[in-house]
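Below you'll find a set of structures to go through.
Each of the next two complexes has chain A plus one more chain, namely chain B in the first and chain C in the second.
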Partner chain A sequence: MTSDLTTRARPGALRLPAGARRTLTPYLFALPALIYLIGLLAYPMVLNVVTSFRDVTAMNLLSGDADWVGWSNYRQAFSDSQFVDATVHSVLYSLGSVAIQLVVGMALALLYLPLARGLSALYLIGYAIPIVVTAEVFRWLLDGKTGFVNWLFGLHDVYWLADRHLALPAMIGVQVWLGVPFAMVTLLAGLTAIPRELFEASAIDGAGSGARFRYVTLPLLRPTILAAGILSLIFTFKNFDLIWIATQGGPANASEVLPTLGYKLVFLQFLFGKGAAVLNVIFVVLFLLSLVYVRQVRRED
Partner chain B sequence: MSATHRPALLGAALSLAILATACGSSGGTTSSSSAPSGAAGDKVTITWWDYFGYSPQSDQAVNSLIQKYEQSHPNVDIQRTAIGFADFRTKLLQAAATGKFPDIAAVDNSDIPVFASQGALADLTSKMSAWPRKDDYLDFVVQSVQYDKKFYGVPFRSNTTALWYNKDLFKKAGIAGPPQTWQDLRTDAKALTSGKQSGFCFAAAPTEEGTFTFLPMIWQAGGDVPTIGDGASVKALQFVNDLVNVDKSAPKSVLQWGQSDVGDQFGSGLCAMMVNGPWVLGSVEKGKFAWDVAPWPAGDAGTASPLGGEAWAVGKNANVDAVWQLADWLADPANSRTEISEGLSSIPNRKDTLDDPAWVWHPMVKAFAQQMPSAHPRGVYGPKYAQISEAVWTMEQEVLSGAKDPQTAADDAKAKIQPLLGTS
Partner chain C sequence: MRTRPYFFRKVAGIGLVVVYLFPIYWMITATVKTQEAIRAVPPQIVPLSWDLSSWTDRIFGDPRVMRYIMNSFIVATGTMVLTLALATPAAYALARLRLKGKSLLMILSLASLMFPAIMLATPLFVIFNRLGLTDSYLGLILADTSLALPYAIVLLRPTFARIPADFAEAAQIDGAGVFGAFWRVVLPIARPGLATVGVLSFLWGWGDLVFALTLATEDRMRPVTTGLWGFFGANTSDWGGAMAFSTLAMLPPLLVFLWSQRLVVAGVAAGGLK
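Showing the complex of A and B:
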């Protein structure tokens, strides 16, 4: 590749000393990626930040002369009980479902370690179903009158998704169902990477299965657990479609999370400034989580 | 594993970025580069947007109208773009922001004020005032295309909601006919509820569909949106609360049901009555039972229903004369009756077509036509209707989910709604 570039560069008008060319070449290789990043990531993000400081609504979108309002959109969003509720729900939803799916995923991974590969593929089938389908199926399964879940547990008139105390826990349950395969497969990969000899050695030293898990498996699996946890947190925190299709944030905002709130503000009410502020909050959280993840991966290497 | 998950991370950032682009498209210029009307060889090109591609039947109806018009007007070329319902408003808004609003678009009648206040629409006041056909339409249909005392649209097609009832279940319960009043509705719904079967179903999802279904009850009680917080609005909230939480004749699932969910429930025989529009006919006909439609049961102030359907909006940069000619042609029943009535499942919206047997494309149309004169437009609440609508559905949801009592929910909604009313 490099030689190809240099031969083509030679007859060109641009003649650079060999030293400069050598320093320039890697940057030129990075240029397409850079353009891509700036055009598709940086530009919209900057635009969104700009929008969040202006009072952009349907009425002044055309003229483009939206007032600069400083932090007003953020102040308005933060003092709005709907935003506060959505933030609390987002945190509960993400932390709750990720914690549960890690524990369940770990249990399943340990259980299936002997027959790992065949069964993990089976679990991934659930993971591969489009979220639209999952959400619709769970709407039906969780119905208060005709739902399968109520029938299974012999319950009557428990309206999982239409009860303001149950909607969020029910959605966490659905999210766990969705996320467990990913957690299990990831943890399984981590488990199979632990050398057998360590277990054998600790067994010879007299460690029981509990002690082996506590002192061998967990410490060695720590990086995998962290990575799987952070990735799941990112997936869950930005999740929009599952909740939107299942409850649309209802009843009475009981399952409203930040992404559904941002969507409503921007696309249904055309409050672009306020919506951008909410979306930027999501962005900051995801960005911080990504930083933690990248640091974690580096440390692993 | 880290390498394989980098794309996922990128995807996370990307999807956010896409959301960001979609809402960051401000600063558009108002260049009149769109609609090269009247260009080469005096051929006029009209750009046309609608969301009627949702079924082959409706899609075909629109194409037929366009074809007929182009045949009788060989100098006109109509370029139709069918957009999905969910994206339609956003696409129109983006088009308006970049000065590329279509020449003619079929917009939901409640959206006329949003686009008019945005400055995206042509002022049709002089055309409309002199239009002989204007007075053929029911008054509120004409009202629905006005904003700030000016005309920004032309009436197109209308529909409304009414009470559908399962005649087989009524017979089994020994009920002679559809309920006439709220009290009848409560009594009948209770008698029709048993096991998995609910007496009455309605959409109360946290969306415009919830508001569209609840507003009629406020009007029936004698209230209105600007006076939410008064006794009538509280009475309407009390009424739905009685049905859902006291009698339990409507399932609590209504809190997550849109109109199509309600139609499916009724069609599968799980609901003995529902309020819905003619667009759920397909789901209902799947059920093998006898059914009929009747007007909404009357509250203290009689019956009332919401005005649904679309009006023609004309883009600011359009060739208004050419588009007006098209709108006028479309408004002539001789040209468009079959397409608009049966093709687009509409209910007559003119004084002279309400009782016209030619408009009864299905027996149920009679009941809807009977309901139609008591329909109310939503556009009268101004360009911030979308926010007002959220306050209304939130209020209903708070009551039905038990978060607030009717009076508190209505007071809280009033505080949200009052600053949103008006034309600016």
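Showing the complex of A and C:
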């Protein structure tokens, strides 16, 4: 787009020199979104960081004149056993469910690769419906009295979501149901992109299906697996909806994760500064994960 | 030669889909069972007797439910429209136009990946309180769009980058402005990408729980997500009613999905939004 080709002004158009109009118009395209993101994403985030360093209470929340307290909110949060538990749960929950999701997603992707795409796409129904609905359905499936899961395994009175030792593993299971479609569809897209000749060549060279998977599929799929894994980790680590509806972090914090803890501190206990500190920890973890993701995307490009 | 393994693969593939979708089947069938059938051991995989009282008593007998559904439609549609209106020109500018500050927009969009909705909720609550936007459709739409917009930009940029630059340039040489070329030439070609983003942002707006929980506390403003939660709370044993409400809350996204399956698959494969 060189300017000597495009300087002819259209009669009746905006009365600016044609050159200036050509330079300015691109900004009219990008500015609305940029202003929106600064006002409703960046500014709130900064506000959250600021809040984490102030003694914000229900009294001064809206007036905005709370005292500055340095790192006190963070110290309070970190020394709290609830925070330590929630961090451990968040890590177990995210790593556990994402690892299972990737293995199951890979197995399903390999199974569905030669089959019609319409069949594997049906899994995305689990992705399209509201997480609240998923949580509600599994609350019933995992119920101790009338839950289908207990009947299936011949168990009686096992209250999966109300048991201190079972709540978190059960929630990992539900999260796998929720996350498998994403893993499978992403891996399936990656598998489809691998040229068939590579498989045929290695088959001619005498490689069995196990060796083909180990030496051809896995190395070529590495970027896809990494991207799917990191994105799933980010989604899971920051997800609030599923655990909140299914257990509210209970029983007795047994399935408490950082997002539900942050919500409780802010919206139920009105400890705004401490809550903001906890939520900022999530942000820092996700920031580091995103850096890995961006680097991965760069390398793929 | 490969027909027999292929046949078994197909059977396994269909079988696993059935297993995976069983929870949804279980939810829907519960809504037409009697209370006794819902609690029956062994469970009735196929409902033996039909009873629609879960629907008539709990859902259609309660005017609040239709209100929740309507609220969700307004918020999801608003989120879709606002997201498309803001993301489309921005993504085009990133992909094709010459301007400074591209990297700022791109970094902001990618950074949003790590912004949990729950983290945005407190500051937005404070800001919206000052502006009088809590308990309003506009407030919910603005909040939902704040997280849908960055994904939309990230998804749409490659869509525009794939459309050959010659198309818009040819239109500009013919006398169309930058905007004219974008509106009349580029947009029609980008329709599938726009539809993907539209569907995903609708699903996002429909499924939002966090902003509904924090920014819409009045019952008349609740969408289905918090409506369902408020209706049955944490300790329900009215599974028939809870499943009927869940089915209703699932139905619009399910229909949107079935109608636009390919688009959703394309969107999810490109990074997803959830």
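Everything below uses one rule, namely that the second predicted complex is superposed on the first by the 263 of 301 C-alpha atoms of A that agree within 3 Å, B and C clash if a C-alpha of one lies under 4 Å from a C-alpha of the other, contacts with A are read in each partner's own complex, and residues count from 1 in each chain.
By our rule, a residue touches a chain if its C-beta (ideal position, glycine included) is under 8 Å from a C-beta of that chain, and two chains touch if they have at least 3 such contacts.
Worth saying up front: this structure is predicted, and the values here are computed from it rather than measured.
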Checklist entry - So, does A:Met45 touch the first partner chain B, the second partner chain C, both, or neither? => result both
Next on the checklist: Is A:Val266 touching anything from chain B or chain C once the two structures are fitted on A? First, second, both or neither.
Outcome noted: both
Checklist entry - First (chain B), second (chain C), both or neither: which does A:Phe283 touch? => result both
Next on the checklist: Once chain A of both complexes is superposed, is A:Ala201 in touch with chain B (first), chain C (second), both, or neither?
Outcome noted: neither
Checklist entry - Between chain B (first) and chain C (second), which does A:Leu218 come into contact with in this model arrangement: first, second, both, or neither? => result neither
Next on the checklist: Looking only at chain A, is it chain B or chain C that touches more of its residues?
Outcome noted: C
Next on the checklist: Just to be sure I read the superposition right, which of the two partners does A:Val103 touch: chain B = first, chain C = second, or both, or neither?
Outcome noted: neither
Next on the checklist: For A:Glu136, using the defined touch cut-off, is the partner it touches chain B, chain C, both, or neither? Pick first, second, both or neither.
Outcome noted: second
Checklist entry - Is A:Leu155 touching the first partner chain B, the second partner chain C, both, or neither of them? => result neither
Checklist entry - Does chain B (first) or chain C (second) touch A:Leu111, or do both, or does neither? => result second
Checklist outcome for this item: Shared chain A footprint, chain B vs chain C, residue numbers 40-41, 43-45, 47-48, 51, 61-62, 64, 143, 145-146, 186, 189, 231, 234-235, 238, 248, 262-263, 266-267, 272, 275-276, 279, 282-283, 286, 290, 293
Item to check | Residue ranges of chain B touching chain A (in the complex, touch as defined) | outcome: 1-2, 5, 8-9, 12-30, 89-90, 93, 96-97, 99, 114, 117-120, 196, 198, 205-208, 248, 251-256, 270, 383, 386-387, 390, 394, 397-398, 400-403, 424
Item to check | Complex contacts: residues of chain C adjacent to chain A | outcome: 6, 9-10, 12-14, 16-17, 20-21, 23-24, 26-27, 30, 38-39, 41-43, 85-87, 89-90, 92-94, 97-99, 101-102, 104-105, 108-124, 126-127, 129-130, 142-143, 145-147, 149-150, 153, 165, 169, 172-173, 175, 177-179, 182, 203, 206-207, 209-210, 213-214, 224-225, 228-229, 232, 234, 237, 239, 242-243, 245-246, 249-250, 253-254, 256-257, 261-262, 264-265, 268-269, 271-272, 274
Next on the checklist: Touching residues of chain A toward chain C in the complex: what are they?
Outcome noted: 1, 5-6, 8, 10, 13, 21-23, 25-30, 32-34, 36-38, 40-45, 47-48, 51, 61-62, 64, 108, 111-112, 114-115, 117-134, 136-138, 140-141, 143, 145-146, 148, 151, 177, 180-182, 185-186, 188-189, 231, 234-235, 238-241, 244-245, 248, 259, 262-263, 266-267, 272, 275-276, 279-280, 282-283, 286-287, 289-290, 293-294
Checklist entry - Can you name the residues of chain A that touch chain B in the complex? => result 40-41, 43-45, 47-48, 50-51, 54, 56, 58-59, 61-64, 66, 139, 143-146, 157, 159, 161-164, 186, 189, 224, 227, 231, 234-235, 238, 246-254, 262-264, 266-272, 275-276, 279, 282-283, 286, 290, 293, 297, 300-301
